[in-house]
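In structure tokens below, several structures.
Look for chain A in each of the two complexes below; its partner is chain B in the first and chain C in the second.
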Partner chain A sequence: MNKDRKYIENLIEKYLDGDTSNNEEKLLRRYFTNSGNDIPDEWKALRALFGYETVQRKNALRNTRTGAIRIYIRYAAVASAVILIAIPIMMHRNGTSGNYAVIDGKVCTDSRIVTSEAEKALMMVAIGEDETFEALGQIQ
Partner chain B sequence: MSQNRVSNVYTTRTENNIPQNGMTSVKAQFSHRSYRNMNIEQFNRNIVTMRNELMATAIRLSGNSETAEDLVQEVMLKLWSMHGELDRHTCPKALALTILRNKFYDGRRHARHEMTVTHVQQDHGKEDTTVETADEIDVIRRIMDSLPPLQSQILRMKEIDGYDKEEIMKITGCTPESLRQNLSRARRRIKEEFMRITAYNAMNRD
Partner chain C sequence: MKKQTAKRLAAVIFSIFTAVISVTAQDGLGIGRIFSKYGHMKGCKMVEMNNTNLHGHSLRVYKSLTYKHIGSNIETILKEDRRKARKIREVVDNGVITSGYYMMPALDDGTNRYILFSKSAYGSGAVIYIEGRLSPDDIMQICYAKKRK
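Moving on to the complex of A and B:
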């Protein structure tokens, strides 16, 4: 037990001199996490310091995670907006708007031809301007 | 000097996974090591090369090579904290000199204040160790806030952000001895202030 204390005491001196390696610091932290209150008063400062650092690390981790998630959401939002805009544009360019006409037995999806055929068909059943107002006159 | 590096693995953790021992949680937190290494190398090549000129200006301003060294390291740390945006600046050297001058004049304006004894509220109704621990941590926080900025930044980078000594040296351009000194000063000061404050509190307990 005393040997362990002596070893820890040496490590602490090394730590306070700024000379400890990463592994040695790991060892010190582990010691203080498990040590409880039965330690010299002089060592309690280190226990408090390591406790403080553990809390700070957890906070830093939380920040990078939420920060990363926020950035991810931003990118996802931009990406989905681009996709939503791109789809109708692409469809319009291909002319695959779902409208089609059957000409000479063949299905034709070219929007220009479909549109003009549709207009021609509509003209055949359309009433002329004058007819509309004449119809109004018939209402009593 | 072969130091074993903490192997950093980027993992996702659930809340249930918080380990009892605070150390292992460190591994999950840092951005991927090799990416950060590449940035440090780049940073070191581009920025640390202007160190001589910065030192010259710092010595001229402060008249003292120790203060100048501290100032230059602080400038490097500040530049590192914004290293993602450095390409937007057409002249990083002008930026560095501006930061240097600002830090120098800030330092003069606010004289380093000695830590006044703070009375830390301690609830003695229950002799509960968890309450005591939270108070202890609060004392540390206040001491950290009162440390000279370079010392607290370097300690934070080493122990909270998990940088290696080699990485800190590459970022600040400092010598191993300078880094050792700053870590040592910070740690000893924390220990001394902590003991002073807790002794004061013990004396004034009702």
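Moving on to the complex of A and C:
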């Protein structure tokens, strides 16, 4: 017990000189957290200090975790919103019910008109057999 | 920190949105711009059909535009696609290309793409974009089948 006290006393001196390592500080915190009232009166002020440090560390860790969770929730919410908007658009572009015609700027979804206009366009680009072999026909 | 977070959020939203919205095969071609620029114009008629059947052939995409008075603009854009075409078939009348089709590079899944076109007098004409598992012979069947009738 006295040995431990001596060791702690040395650590306290080192701490007050700013020479303690992270592990030594951890040790000091653990000691003051677990020792209860069984410490010399001159160390009670130090117990208050290490107790304050411990609480601040816990709060900082909690805030970091909370902050990280909040950011993830935000990202997830944004991604979900984008997907909810994008799915109907994709379905409109790629779905089987996406047939339409635009005539003079006006959209029409009547399937008969859509098919009729499609056929008319196809008629315009159709290449006649006559045109293809016209040159052969002129060779006499 | 908050500004950085906001910037990252904005970048994530933009990239997700862009990736989802902008994926259509003809958008990489000049003809995609023709449809978007002139499809809703007065004097033009645009048709879009998806996963349809035309003259016994299954088409994933059929998109056409018939137009008036804007032939020179259409021609300029079509020249870009002509340069990228794998196969070209054209009818030339009096030194002027009047109709034909371009077989464009296929999509990654093997779907073929074709641009059919025809030019008439006074800047009018038609362009058609077709996507599907059709061979050039199938395209010829579609074109010949119509004209004979």
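We adopt the following convention: the second predicted complex is superposed on the first by the 95 of 140 C-alpha atoms of A that agree within 3 Å, B and C clash if a C-alpha of one lies under 4 Å from a C-alpha of the other, contacts with A are read in each partner's own complex, and residues count from 1 in each chain.
We adopt the following convention: a contact is a pair of C-beta atoms (placed from the backbone, for glycine too) under 8 Å apart; a residue touches a chain by one contact, two chains touch by 3 or more.
Only a predicted model underlies this, so the values are computations on that prediction, with no experimental measurement involved.
J.: State whether A:16 touches chain B only (first), chain C only (second), both chains, or neither.
T.: In the superposition, A:16 contacts chain B only.
J.: Which partner does A:64 reach: the first (chain B), the second (chain C), both, or neither?
T.: In the superposed model, A:64 contacts chain B only, not chain C.
J.: When the two structures are overlaid on chain A, which partner does A:75 contact: first (chain B), second (chain C), both, or neither?
T.: In the superposition, A:75 contacts chain C only.
J.: Does the superposition put A:104 against chain B (first), chain C (second), both, or neither?
T.: In the superposed model, A:104 contacts chain C only, not chain B.
J.: Do chain B and chain C land on any of the same chain A residues, and which?
T.: Correct list for chain A: none, the interfaces share no residue.
J.: Would you mind writing out the residues of chain A in touch with chain C in their complex?
T.: 71, 74-75, 78-79, 82-83, 85-86, 89-90, 93-96, 98-105, 114, 117-129, 131-132
J.: Where on chain B does chain A make contact in their complex?
T.: 3-6, 18, 20-23, 25-26, 28-29, 31, 129, 133, 136-137, 139-141, 144, 156, 159-162, 164, 179-184, 187-188, 190-191, 194-195, 198
J.: Help me check something: in the complex, which residues belonging to chain A touch chain B?
T.: 15-19, 21-23, 25-26, 29-30, 33, 37, 41-42, 44-58, 60-61, 64
J.: In their complex, what parts of chain C are in touch with chain A?
T.: 5, 9, 12-13, 16-17, 20-21, 24, 39-52, 54, 62, 64-66, 89, 91, 99-101, 116-118, 120, 125-128, 140, 142-148
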